[in-house]
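Below is one structure, written out as structure tokens, with a few remarks after it.
Lettered A, B and C in written order, each chain numbered from 1.
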Amino acid sequence: MNWLLNLPPQASSVAKGIDWLHYSVILTTFAGVALVAVIAAYFVIRYRRRDDGPTPRIVAPGWLEGGVIVVLLVLFVGWWVVGFQQYRELETAPSNAIPVYVTAKQWMWKFQYADGPSSTDVLVVPVNQPIKLIMQSRDVIHSFFVPAFRIKQDVVPGRATTAWFEAIAPGTYDIECAQYCGTRHSLMRGQVVVLPAAQFELWRANAEPDHFGGKGDGSGLAAYGRVVAADHGCLRCHTLDGTPSIGPTWLASFGRTRRLADGTDVLIDEQYLTESMMEPNSQIAAGFQPVMPTYRSQLEPADVAAIVELIRSLRDAAPSHDEPRPTHDVIQRGAP
Amino acid sequence: MTAHSQYESLARRQATARLGMWLFLGSESLLFAGLLALFAAYRVMYPTAFHDAAEHANVALGTINTYILLTSSLTVALALRATEHGRRRATVAWLLVSIAFGVAFDVLKLVEYAQHLHDGFAPGHYYTATSLPPSSVLYFTLYYLLTGLHALHVTAGVIVLGWLALRARRGDFTPTSHIALECGTLYWHLVDLVWIFLWPILYLLR
Amino acid sequence: MTDYLRAESGIRSWLGTTDHKRIAIMYLCAVTIAMMLGGAFAMLLRTKLLISGPGIMEPLTYNRLFTWHGLTMVFMFMIPAIPAVFGNFMLPIMVGAKDLAFPRINLASFYVYCAGAALMLWGMVHGGADTGWTFYAPYATTSPTDVAPIAIGVFILGVSSIMTGLNFIATVHMLRVEKLGWMQLPLFVWAIYATSIIQVIATPVLGLSVTLVALDHALGMGLFDPALGGDPVLFQHLFWFYSHPAVYIMILPAMGVVTEIAPTFARKNILSYRAIAFSSLGIAFVGFLTWGHHMFVAGISQLDAALFGVMSMFVAIFSAVKVFTWIGTLYRGSIALTTPMLYFFAFIYLFAFGGMTGIAVATTSLDVHWHDTYFVVAHFHFIMIGGTLTAFLGAIHYWFPKMFGREYPEKCGVLSAIGVFVGFNLTFVPQFLLGNAGMPRRYYSYPDQFHVLNVCSTLGAYLLGAVMVFTLGYLIVAVFTGKRTSANPWGSRGFEWRVPSPPPTENFDEPLDPTIGCYDYDRA
């Protein structure tokens, strides 16, 4: 069946389930079209024109029309239910997924692990391990597509979008850009190299730690995030240790729900954090003032990724008791 | 227009013209609806930026323009009524008054634009103001697009009214046959109605 | 009375005419030229794709060509094709009117069409857009090519489309002959009516969205520019709000055509009049609620994906009901396999197949894999070419005697129908398989494993192109030299067959009498 439909190998944990639905939809619809064709052919032969006489007036009874509609409705909505469940699975990364920060630009992919290694157009991942891609674009819309994994996600400038996969067999799989992005769109290809766990560890140990154009200290994305945050003055208002300040602390915030000034709740994830850097005042945390300027044209996607990773790396940390208590001055400024 | 009209009666013909005009107006209003939908979407996305930007709207000029347009709606209606009573000169006069209101509206609009441009609130990449949150530029871009499109409609309406005034003066309209005038006034009412939406959304909504 | 073709002569009698039939003929010429142009672009594209790497053209040229192919086919051919030609010609006759409600607006719509087409062609000659016909921001707003003239051309073509739709709605409401109720209207009229509603409602929003792109590209309005806080995904919402219903503007009239062909050649009443009529309206309305299914991987919320997915399923049901009704119409009929009937069968198969793959891509999780691949390309070509073009060709053959008062060569017609069917399948079935394998659309070069199927597809396209040239050739010859024919050569009950062929300028020598309905084949 896979061969017949010319589908790529089923190399991810979700591929089998999606292909199963694919088979059932395609086979059923083929059968439907074939049935229509056979009936039509039969009618053409059986009722071919013999004379010019009148034909009986036949009107479809209501029960037949209703029946057809109900049967189709059940069938179609059934597929939709299964398809939507799978879609939710595709959209929701498992909590143990390793984050990889992806930057798309005309016409290349850049991949960045939180703990250092980065690469262009080749993404090296361990087998049987969920990987979460946190993607940003530097210019136009791109789309990250790995046919063998059955995943695809547009990468939209000004936003963070995410996708995840778990490769189930070592090998090399093509990455393609699926959203038309300009002259060399068709050459914006890359590869996912899936390695057995041991080999992956070896690769990671030997991989050249990324130096972020000389700015980072090579000890990982979160560490670079500290540099970026300090350079851009983020740490003047946000603290890393839970100390109250002008802006919400970054400690133990990622993955939690935050109450906003307008009374709604929002999950602090990559998308929320990215949006907060681009358009700080659209979602104000309850109890804080809308005083943060936008960093839209000041932060490169790699910088945004570094800050997101910094905040993510602090998600489980407990408030440090060794730090000096907040000064009176800070509390006063932080008070709404 | 041709000897073999496809209509069985003049009344039928007028009713059809009226229907056609309403369809056209419906289509026109969807043009604005698309922009208003964009405005709504961005307003939800950037509530503070839009709130702050709206503070800079010139409510006084906007409100004066609202009165001008509302009054002009009355005057075109009076022109139509004058025709229905067979008063040709009154028709022409009321149409000319309406045209004057339309021109006044456009002039005030230009004054408003000039003021905004002077303050740096230009659309898109020409925006130079720094006093507002950055996304306020979207408010102004949409402000120019919405009011600009509307001003184009006002200008088109003025031309239509001028053409109708000429025809009225020539005596083309009789109390029973004046469908062109009726459609023209309908168009003018649409222009007015669109403004009735734009005024609260752009000027009053904070 | 003289027929409309010979009523007056000279080029002026054509260019200044307000006769809906003459305007229809002018539209026929225009859209045929547009189709041939769009087809020529397609041939060039397919020729490039014969080899996987760089070939006969630069990537930028290729990108322009697929953009022009899409724009020409969608806006200059597919949208006006059936409504402005056959709707224009047949609709007034089918409701028993002497002309459309607004004949001068009808003529004006033709010239607006010409102006829009001319501007677009000028834009193409001038270096044209390389954005794809969907104009996605921010690529479209930052493209190195000149986007504005083409986008404005789309806007102007949209104005023409609105004028046509408005005219049809007014005609159906106001100019029906006495005693012709809504439920006695020919179903082609219902289809055109539903189409017109979509045209009037949706086209302004399309005009707006492409104009915003033009303003952005030419003047830096930046409404969708992320650097200014704009949201590119919002453009997609705005664009597809029209452009998805536009798909139905293209297919509904085609459905109307085959609904006329089937009863005539099966000598049989439509199995369920109300099913066809109301499903057309259903498609028109639900079609407005499905646009988000173009954006399942664009980063829309899961709730949106769920709603747009289920709405798309509902639309499919209307289409499926139509397919079953058409087939059921053949039951106990008296079927003659003429050229239009062959096109009818080609339509049924291709539309059913295309529709079924539509169900597949509406299934959210499957769409993630297929989105923006050749599977989607093949899917919409099955609907647009397999559906609309096939119906367009069926309509030309079916109404040829009526429009020109002459016969076309039947053997050539049969050959053409078979050729279109074979060529079409050879072109697009391989594209389904390419999409399954994961070949993205708009690819100038591709990995070698896709080579064989691409060659198949190109050969199919050549066959299809050759058949189209052949068809055009014998039809043009037949217009001038075909054998004269009678008022009703098919023995149809349709209203349009009750007037002479070609019809006189005022259509009816005596008013249409709808007492015997247009599908009443049970009476001698």
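Methods note: a contact is a pair of C-beta atoms (placed from the backbone, for glycine too) under 8 Å apart; a residue touches a chain by one contact, two chains touch by 3 or more.
In this text, all values refer to a predicted model and were calculated from it rather than measured experimentally.
A comparison of C-alpha centroids places C closest to the centre of the full protein.
Of the two chain pairs examined here, B-C and A-B, it is B-C that is joined by more C-beta pairs in contact. Averaged C-alpha coordinates give centres for chain B and chain C that are 35 Å from one another. Centre-to-centre separation of chain A and chain B, using mean CA positions: 45 Å. Multi-chain contact residues of chain C, defined as those touching 2 or more other chains: 229-231. Contact of a single residue of chain A with at least two other chains is seen at positions 279, 294, 296. Listed for chain B are residues 45-46, 49, 134-135, each touching two or more other chains. Residues 1-2, 4-7, 12, 15-17, 19-20, 23-24, 26-28, 30-31, 33-35, 37-38, 41-42, 45-46, 49, 123-127, 134-135, 137-138, 141-142, 145 of chain B touch chain C in their complex.
Remark: chain C residues 59-60, 63, 130, 132, 136, 138-139, 142-143, 226-227, 229-233, 266-269, 271-273, 275, 296-299, 302, 305-306, 309-310, 313, 316-317, 320-321, 323-325, 327-328, 330-337, 345, 348-349, 352-353, 356-357, 359-360, 362-366, 368-369, 371-373, 433-434, 436-438, 440-447, 453, 491, 520-524 touch chain A in the complex.
Chain contact summary for the complex, chain C toward chain B: residues 18, 92, 97-105, 162, 166-167, 169-170, 173-175, 200-205, 207-209, 212, 215-216, 219-223, 225, 228-231, 234, 237-238, 241, 505-506. For chain B in complex with chain A, the touching residues are 45-49, 133-135. Residues of chain A that touch chain C in their complex: 5-8, 18, 21-22, 25-26, 29-30, 32-33, 36-37, 39-40, 43-44, 47-60, 65, 68-69, 72-73, 76-77, 79-80, 82-91, 139-141, 143, 145, 147-148, 150-154, 156-159, 161, 174, 176-187, 189, 278-279, 294, 296-297.
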